[in-house]
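In the two complexes that follow, subunit A is the common piece, with subunit B as its partner first and subunit C second.
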Partner chain A sequence: MVLEKEVLPFFTWLLRGEGATFADGEGALVLFAIVVATVFVLALVGGFLVSLVRHGPIRAGEIAYNTIVGGVGELLRTSFRRVAALAAVAAKESVRRRVWVALVVFGLILLFASWYLKANNTQPARLYLSFVLTATTYLILLLSLLLAAFSLPADFRTKTLYTIVTKPVRAGDIVLGRMLGFTLVGTVLLAIMGLGSWVFVNGSLAHTHRVDIESLEALRSPDGESLGQRGLTSYDVYHKHDLTIDTDGSGVAEGAHSHTHQVTQNGDRLEIGPAEGFLRARVPQRGKLRFYDRKGVETARGISVGNEWAYRSFIQGATQAAAVWTFEGVSKSSLVEYADGGGEYLPVELIVRVYRSYKGEIERGIQGSIQLRNPDTQVKTNLRTFYAKDATIDSFDFANEQTSTDQLPITILEDLVTPDGRLEVIVQALDRNQYFGFAQADCYLRRPEGSPLWNFIKGYLSIWMQMVIVIAVAVTASTFLKGPIAMLFTVAFLVLGLNREFFVKIAQLESYGGGPVESAVRMVTGMNQMSPFDPSSAVSVMKGIDFVLAKMMLGLSYVLPDFSTFLGRVNFVAEGFSIPADALTRDLIVCLAYVVGAFVIGYFCLRAREVAK
Partner chain B sequence: MNQRGSFYRKVTYGAIIAALLVPLSLLSSPATRNSKGGVLSQLRAEHRLGQADLGEIDPASETIKLATLGLRGLAVQLLWNNANEYKKKEDWTNLTATLEQLAKLQPNFITFWKYQAWNLSYNVSVEFDDYKDRYYWVRRGIQFLQQGARYNRDNPKLLWELGWVLGQKIGRSDEKVQYRRLFKADTEYHPEDRPPTQRDNWLRSKAWYEEAVAAVDERGQSIGKQSPIVFYSSPAKSQMNYSEAIGEDGLFQRSVAGWRLSEQEWKEFATRPIEHSTGVVLRYAEQDEVEQRVTELTEQLSGMVAGVSERIVAQARKTLTPEQLAALEIPPADRDEDQYQLSSEAERILEVTPQKIADQIATEAPEKNRQAQRLAAELRDTERKLAFIKAYKDTANFDYWMLRSQFEQSKAAVNARELIFRARQAFDQRADVEQAKQLYEQAFARWADVFAEFPQLSDPDGTTGDDVMYMIYDYNRVLEQLDEEVPEDFPLWNIIENFDTEREFRAQIEERRRARGELDESAAQAAPAESASSAPAPSQATPTIDTASSAESASGETAAPAAETPAPANE
Partner chain C sequence: MPAEAVIETRALSKIYRDFWGRQKVRALKALDLEVYKGEIFGLLGPNGSGKTTTIKLLLGLLFPTEGRALVLGKDATDVSKNERIGYLPEESYLYKFLNAEETLDFYGRLFDITPEVRKERIEKLIKLVKIERARKRQLREYSKGMTRRIGLAQALINDPDLILLDEPTSGLDPIGTREMKDMILELRDQGKTIVMCSHLLADVQDVCDRIAILHQGELKELGRVDSLLTVEDVTQIRARNLTDACQNELRDVIARHEGELLEMANPTTTLEDLFLSIVSDSEARPGRRVVGTAAKADGG
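On to the complex of A and B.
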């Protein structure tokens, strides 16, 4: 699968991020602390200034002090019982507001989805999965937005809130109660949608074939002994399979449209079983990739073959150019026992992207080689050659017992893995002037496969986390804004979060067409994005305003959640890869940070309103 | 007062709305069995814009159009962007899914079908390394076009495009051998009842071209901005490509039948009236007739007054400057740039145009002026028509294809092709060098007969000589295995001399010319000196490095490619 952003190990992400050490300050924890401190200072200064204008300096100081001390005390005394009661109220209110309509809409979407999703795709599972996951995401986010943004403002309008605040509840309880209540309702809806999606995906993919009797031909060994039969299945759902059947009548319908079928003999009839292998949860152990150029000098990237998308870079065939992955933590547990019990092997999977600079032999793939190497002793296994299956996952099982390039017997565990568990995989192209392209995610050690259902649930968990963030933000916004405005605020938050990368690019003034004002000017005057402005005082003013705006945007970008990361998780499920635990934990922590942050802000905002005091 | 004012205002608005509804209802009332309906309905019928007139009505398409709540443009914009992004990131699953959605949203936007089908057949297919995957995407593009053709019934552009992709993409790619083989065996594409002989990409291409022509001829569609020559010549061209392709497959008898049909269809194409961009309607077949008429008219005009043309020339000659006269005296090949310009001016002055004759007649015999002017005008128009016919014939390469479809039917040509086919098999598949040599020799003897029967084929500007030259190169490969050279009595030396673009026979050609006394000694001596200085290996018989081996040497360890980005594999 394509993995444009590396998933860092959880603690690396938390403590040092992309930086080399904790002190570089790029770890998530440090960034979070900076954001919290900044927001705290800004809120304190803002609150104090407002009080200063209204009540004079001494009283303002007193108010600020009381707010902080009282607020913190009150927050600490938040009662779970009261919160639970308010959450139940919020849930009941949601049901009264007919949230089940979302389920009807979802049902309708699934019902008519087949009109728009053609099964003639070579990867139908991917198509269906990404469809249901995307549809659920947008629907549940819209629903939670509407629920959460209008609830508190409606209570203000109908004055229901006044009756609540007469009871012994605190502002914090109200905010947290709402968040929890809506989350509860959303979770139930999401669970139902998840179940519906699972049934829909499996139902849509389910099919079988008949054996095409006319196509069957007997397979015989040179001395006439029967080896079984070979043939084709019937053509159904836009594909058919090649069949190989053993002498005992069992066999397999080989991979087409990313699945297989088992064949069994029932009396004198051959029967084809249900589709298998559509839904996968591969668990890769990933390594670090580096390249060698054609002269054998180490480089960070290979060469470009002129693709606009620079995800992969290429190595030239029949030169010293190579792609080298270093895996860490390789141990006996990385090895898998052969099915027949005859020893162990290291399963390596590789995706090669082929680029031909001339057509060469059309019916033959480009030849490449793969080797294992000890990074310390440089002992290498013998060259293992293969014909590249372009853009497809190819499996290489390396038996533990190998022969080195010096023709000595070696084993992977003893001779190729370093004492600290490192191992290198070297891939080269062998055909002159033909190229292989790689990205870091293209080679991995295959670990035992996970459960597709659990992976699917993890995908839904990602959606759930997005929902929770949206609810938290919307409830917080609704403590100080009117319903529609709170909704717009949250929508803006969501849209910017979905396009965070683009937003940051503008904030860093790196995008084409300049900052917000410059872009507006270019649009209105129909000016090209690339042509420079003639220098003038007006242009200087424009650039000046953009500079300030960009700084503000950059500040804002620190509190924007990156929803595209969450959407990226869904991609793992669609591509048949297990969502890494590191990614899931990280997302949960991010989600929690937003909930806590939103809760604290929401509490102070509601407390500041006269009604809740 | 206020309430009353508001009431009156509402009544007024209501009345205006009601009044506006009347013309609206009249304008847009639908057609029924007894009435033509309102203006909108009539216009829709006249321009065939009703959804049912455009093509298949798809409930899924109508639903999604409504479901976008008037934001169809926005949705389309978003999806096109996504499609481009998916293509860039090689996400083919989502690309095709997005195209399906776009197809539902804008099923009657012809450019969409053409562009995206092209994208699939040409751009996406080449991203795959396995030729079977490539073929899959070529076919996806074709099926996408077919889907478009169902939504847009009788659309000549889409039908023609289908003919083009089926023909050119499958039959002309580098992978044409594999593609044609896969196409024949493609049970997903062909209906079950289509006989194997009809499962040829060129025949399917022809069928779609014919559909396109029928849509224009019989169902009144417009070919838009497409060139009528290209459009109308396409079915016959596909027939010729078919005949050629099955000949290459070794099916010679069917190929002859194919060429016979090609000739017939090419002749029919010649009788089709084609409108020139200036509005003149012409037919290729009229050329002789028009030439005849030009001669007649010229004779009539200049015969009206005896010696008129000569007098025009004589008078014009008097107006020439001495420099112009001097330039005219120099043979055309020896003129320098100034002389060339002077002579061109002089020739223009000396040219006898119909108008000059008519004007001369008017001065010499005013009573014949009227008739002369009429004849001159007719002659001018006829000459113009003749020029158009010739230009259009060039565009379609008409004469070449006519000659080709004729000579390919000749016994000698069929025999020659069959022998070449067997020679190649002997060499490539059985490595039987001796037999290959013999078969080649027999084949070239037959080719010599073909050239004797159709002397126009030896025209150095034609392409048949080129085709035969490649056979001679193959023959030379065989001879190299036997350490032999093309013998002196080889019957096609004239072809080698005219068409050896790879310059494999340069030394032998020079020797032959020298022997004939066509090459003087000084030139002959200069040539080897020049080649010795430029060629890296003087011992080589042919110092010119052919393109394949130069590519090979550039890729060697010593000569690194200068650029970081290698040239893309050409499609």
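On to the complex of A and C.
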């Protein structure tokens, strides 16, 4: 799977981020404190200036003082009892506005999904999971947006708020009550959608085959001893499996379309069981990647094959070019015992992006090799060759007992792992003028798998967090904007959050075509993105405005949630990887930070507003 | 000992402005007012005179442009004062998707009231405002009169010391109006302070102890209803069963004392009294046409 950003350990992310120490100020905690302080100062100065214009300096000072002292004091008197009552009414309001229609829509989407989802896909689980998770995400975000953005403005319009704010209800109770109420409704809907999705995915993937009797042939050892049978299954759901059956009648329908089946003997009949292994929750232990170029010189990256997306870089076949991953913390616990108890092995998985400079034998795959190496002693295992097919996951089980390139018996733990637990995996392409492309996340040591159901729930938890952020932002926007405008505001927040990286790129004036004004000029005049402008005062003004706008955009980017990261979590589930606990904890903290921030802003906005105006 | 002031306003002013801060209208001009504990105080005035603005300022729904309002000893913008306040808005702005019980339970939960007391009060208030049979119906199905009743019930859920009623009889039929007025008097008898604003002068006259008359945002008159309405130089005598001779004799007495006889005639009843009498008779004896009889009975 694609993992463009490394998932940092939680406390590293919180305290120092990409920086070397806490003092570098790149940790999430420091950034949060800077954003909070900036927003506070801006709000205070802005509010004071508005009051100054309207009421004069003395009254403006009094208002600013009361807002801070009275506001903070009142904020602390937010009552759970009142919040619960207001949340219950918000939830009832949603239910009586027939929010459950969303479930009907979701049901219809699932009903008709099979018309459009191609069952001949080689990774059907990824297809179905990706579909249900994406459908759920967009449906629940739309629903929460509509619920949260229009509720408070409707109360202003119908004046029902008059009867609430004339009770001992603080603005904070109202804001938090709405957020909580809509979150409750959204959570229930999301849980039902999750259950429906799980049933849908499992139901859609469920199938079995028959044994193709005519294809069966006996397997014998060189001395004529019977080893069982080999053959094929019937062709169902656009695929069939190779069968291997032991002498006792048990066997396995080998991997095809990302799953297997168990084979059992029932009397004199061979029966194929249900599909297994569609849903996975792989737990990878990732290493650091570096490359060797075609002459064997170490480099940070491989070569480019002309792809604009620079996520992967490539190594050339039949040269000394290699991709080398260094894993840390390798120990006995990294090894897995064989099912038959015959020793231990180190499970390594590899995803290869194949780039062919000529077509070659398309069905065969490109030949490559993989070795394990001790980073200190340079002792390495014999070449193990394989045929790589593009973008599929290849598994390699390295038995603990290996033979070195000097043909000496070695073991992984004693000879290949350094005393501090490091081990290298070296991959090369062997076919001349063919290329393998790798990113750091493409090779990993496979740890014991997690539960696919729990991973699925974690995926839904990720959707839930997006929903909570949207609700919090929409409720806050609705404290000072009318319903449709609050909705547009939240949509803008969401869209910019989904494209945050691009937004930051524009804000840093690194995108093609310049800043917002320059891009607009280029569009209107039909000028391409690369041609420079002739120097003139108008161009200087344009660039000056862009500079100011870019700074403002950069400031705004600090408060934009990175929704693409949340969507990325959903990809973990679809690709069959367990969502790391560090990522989930980080997302929860980010979600909490947005809720708290939105709540405080919403509280002050509502408190400063004349309800009856 | 001077009466305790429940509401005090000092030079309370309100200017409505547009988005750009420009003055649109001066709704209230330097209002000085005191409302004392245990009285029914009426705010009178034509539309746009500043009655509702005053109520909203007292409730903290609006912020004063100048001046100050103290309610129960606290600033009007202090939320904690609302613990002891009940408010019936001009229209009953309630959640239409809730039924009467849910409505009262919801508003009750906003106060620090134990569940037992809340339940007890809900029962009592539902009976008081006579909506027992509609307690499970959503408010969207309520008539205007029923909506006013549930509105009053929600205003009383916290057993408030101060009740602010904005046009309390608006939308009520004559029976509802009479019941509302009786309830207001009963609340006053329980020691509560009531501030009501209305443009229905008869209602204000019937129940208010003191009134303030506002016009174009300014206070024009303030005082006790009985003293404000007393016509000092006119004497009214009401008697029953006087003969013509006796009436002539009275005319002579007035003339002899150089008084001016303004009127001596059989009085008419009010339309409200006639209506209430007919309805009450009709309820006692269904199917019988009572027009005339009731008038005679009452007037004669």
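The working rule: the second predicted complex is superposed on the first by the 494 of 613 C-alpha atoms of A that agree within 3 Å, B and C clash if a C-alpha of one lies under 4 Å from a C-alpha of the other, contacts with A are read in each partner's own complex, and residues count from 1 in each chain.
One rule holds for everything that comes next: contacts are C-beta pairs under 8 Å (C-beta built on N, C-alpha and C of every residue); 3 or more make two chains touch, one makes a residue touch a chain.
Nothing here was measured: the structure is a model prediction, and the numbers come from that model.
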In the superposed arrangement, which partner chain does A:311 touch: subunit B (first), subunit C (second), both, or neither?
first
- With the two structures laid over each other on chain A, which partner does A:523 touch: subunit B (first), subunit C (second), both, or neither? neither
Under the stated touch criterion, which partner chain does A:303 make contact with: subunit B (first), subunit C (second), both, or neither? first
- Task: Using the touch definition from the top, say if A:169 reaches subunit B (first), subunit C (second), both or neither.
- Result: second
- Query: After superposition on the shared chain, which partner residues are touched by A:116: those of subunit B (first), subunit C (second), both, or neither?
  - Reply: first
Partner touching more residues of subunit A, subunit B vs subunit C, is chain B
- Message: Going by the contact rule set out at the top, does A:74 touch subunit B (first), subunit C (second), both, or neither?
- Response: second
Between subunit B and subunit C, whom does A:85 touch in the aligned arrangement: first, second, both, or neither? second
Touched partner set for A:96, first subunit B, second subunit C, both or neither | second
Subunit A positions within both the subunit B interface and the subunit C interface are none
Per the touch rule, the subunit C residues reaching subunit A in their complex are 16-17, 21, 56, 59-63, 79-80, 82-83, 85, 87, 89, 91-95, 97-98, 102, 106-107, 109-112, 151, 154, 158
Subunit A partner, complex, touching residues on subunit B are 59-60, 63-64, 88-94, 96-97, 100-101, 104, 128-131, 133, 136, 174-175, 178, 187-188, 551-552, 555, 557, 560, 564-569
Within the complex, subunit C is touched by subunit A residues 53-54, 74, 81-82, 84-86, 88-89, 92-93, 96-97, 158-170, 610-613
Contacts from subunit A onto subunit B in the complex sit at residues 2, 112, 115-118, 121-123, 126-127, 130-131, 235, 238, 294, 303-306, 308-309, 311, 316, 319, 354-359, 362-363, 365-366, 388-391, 432-433, 435
